[in-house]
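Each of the next two complexes has chain A plus one other chain: chain B in the first, chain C in the second.
Moving on to the complex of A and B:
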């Protein structure tokens, strides 16, 4: 039978396809301590070889590769060091309303972590703005125990 | 979802001295139940379209038919068809029904199943060359012990009930042996 493509895409099949990897990973001693502390609404960083505090903590020094072992508690408030506005929210993102995606340097830390900031609009967000953690109501020992950050002063 | 739901398995230990990591000092009490594992799903959601040729193939499957397409240069029939011949690069212009009887060209005994449709282990996954086709379809074997499966074995598909047929490879529940002599392996060269 001759193939007939003259109808083009008419009648073309189409279906949702989800490719999902349900990784079950071990946390290791450092990330394990970090997420365990989040469950208790505390944030831990780790002291690097040069004395700087890396948060979220890493197992090996970013510069030298040496194993790190001195965890330190940092604050639950911090400062936005960089950000962009997410106007079109996609499924699975931490917030389902338009929000900022920001690098946040927590008080006592020397590096920034990526998280979302719940804010009414891009005009209310700025580099240098103070933010604080809004904790999840049901902590499970995961990064999502930080529901989001909110602007200090309660703008949101 | 807990780790146990995912078929949790113990982690092998590395030989002493191969890899070590210091236990961190932690300034706060982590309690008796520190987090050791996490399920971290990564998912990608697509709106998938198989294209014109594979759409024809899938519509054929809904009628329990295997519809391949012929390369105009070599005459070989490819299945599932992609609209072009993988050998000559020319558009395929003729639709050809192949199978449903087929020959096993390769197989593997699976001891760790995964996926929500995986049969109980051990099972055999295999490549099935439909009669008249140049390439094989992937599937699983049923109605036979895993140690009885061999290259060259003749098989046929077992379809889902007619009211369950859709445009999907899942219409084939599994393949089963049929009472025909094996095909010599030499005849299967180049058809895996």
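Moving on to the complex of A and C:
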């Protein structure tokens, strides 16, 4: 069916509307253990039903749904498994300069974590590149206790 | 199973910003046109279900306002999903299957223009691991494109070909927002927007909506000369952690297709692949042959109103069955980032 939805656009009134939702969420035993360990500059994964280490950890096995509880410490360095370049930085992002958004498989883990990589430009980032955690100066028990990852070899 | 058909479809002229209209004003003419298509009023409808998002509207319970465009007095039986309208249609189809309704009205819409859509979309992510990083939806999609490029599953040229084919097809779609495309070589010569994605790899930001009338059995035959019968419909979901998924395939598309009965030949397929690299994942999951006309509307690359672009795919296939230009079609809708959740619907003409 044809729709006539034309309307005049002159003299439109506009007003800003900013909405925030302040919450204090509880994390539970698995996410809670992960973020608590970050505060101590350690990273935890969890062993899945098939023996693979999932990091960041999940409460239930991604394949079988079985509850998981065996936390496993993984490394603070890892490998980029995929990435994209953030040329337009937005409010709230961990780095306020252009950077890479990346999936990073930490040493000892079998899955990859989402985070950002500080790098001078997309030409310096590649899948398979080695990266290490740059810790926040003031950890609070949050994913942002990892300030970002930096390229091994000091490209950043 | 009861025979249920789509008997009327209407959609807006999608555009970057319907700034002179609020949501109610934007969707009301679409609602009216869909009902007029079968000469019905809301009192002929047993069940109404809508799809929209408060995050896009910037208002709690925003769908309640939009019910004014339907006419909710005297009281109607009504529901809402905070999802694409394809899932509202699924709920309405289920309601008819239970016998609690013989007719249903489904609509969905959004205005993305008031906010910064790539930033708003980051609020769909989990609040502990991904949400605090505020990843924008384009860079997030780029992770999937890179995984596919690295694995040799696609190429930048193939992605540009998808952009070109869809937007050229949109020349025949009066509701499309992005119509026509430079050549593939010209597209490949453009700079990266969010490496590995160029502008042409991304969907437009759209304001718009869609409305559909469903009816069972003889009611459908009364209302439409050629009802578009729903022969199968199913939706499935993959895990939410992108780093724990194989981003080079979409298992939930294949499973939904299998459960919806996608086999044999189809005249037309409409797939909801907002980013160019995603079309191939959906087509591979559906397992369609090369003889199918894919996205004659131009798909989500030609117009991508959030919460509506999936239901529009079902509407585009149904429209072609109702006008006699197709006998059998498959429609796909997606929800979430990176093709995480997928709905597949088989539609047919005939009795």
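We adopt the following convention: the second predicted complex is superposed on the first by the 145 of 156 C-alpha atoms of A that agree within 3 Å, B and C clash if a C-alpha of one lies under 4 Å from a C-alpha of the other, contacts with A are read in each partner's own complex, and residues count from 1 in each chain.
Quick note on the criterion: contacts are C-beta pairs under 8 Å (C-beta built on N, C-alpha and C of every residue); 3 or more make two chains touch, one makes a residue touch a chain.
Just so we're clear, the structure is a prediction, and the values are computed from it rather than from any experiment.
Once the two complexes are overlaid on the shared chain, A:72 sits against chain B while remaining clear of chain C.
When the two complexes are overlaid on their common chain A, residue A:33 makes contact with chain B while staying clear of chain C. In the superposition on chain A, A:86 contacts chain C only, with no contact to chain B. Of the two partner chains, chain C is the only one touched by A:62; chain B is not.
Using the contact criterion defined above for the overlaid structures, shared-chain residue A:3 touches chain B and also reaches chain C.
Touch criterion met: A:46 reaches chain B, while chain C stays clear of it.
When both complexes are overlaid on chain A, the residue A:25 reaches chain B and chain C alike.
Comparing the two interfaces of chain A, the one with chain B and the one with chain C have residues 1-3, 5, 9, 12, 17, 19, 23, 25, 27, 35, 91-92, 142 in common. Within the complex formed with chain A, the chain C residues making contact are 8-13, 18-21, 25-26, 29-30, 33-34, 36-37, 58, 114, 116, 118-119, 127-130, 132-136, 139-147, 150, 192-197, 239, 241-244, 247.
The touching residues of chain A, counted against chain B in their complex, run 1-3, 5, 9, 11-30, 32-33, 35-37, 39-40, 42, 44, 46, 57, 59, 67-73, 91-92, 141-142. Across the complex, chain A meets chain C through its residues 1-5, 7-9, 12, 17, 19, 23, 25, 27, 31, 35, 54, 56, 58, 62, 81-88, 90-94, 101-105, 111-116, 122, 127, 142-144. The residues of chain B lying in touch with chain A in their complex are 3, 6, 8, 11, 20-28, 30-31, 34-56, 58-59, 69, 83, 91-96, 167.
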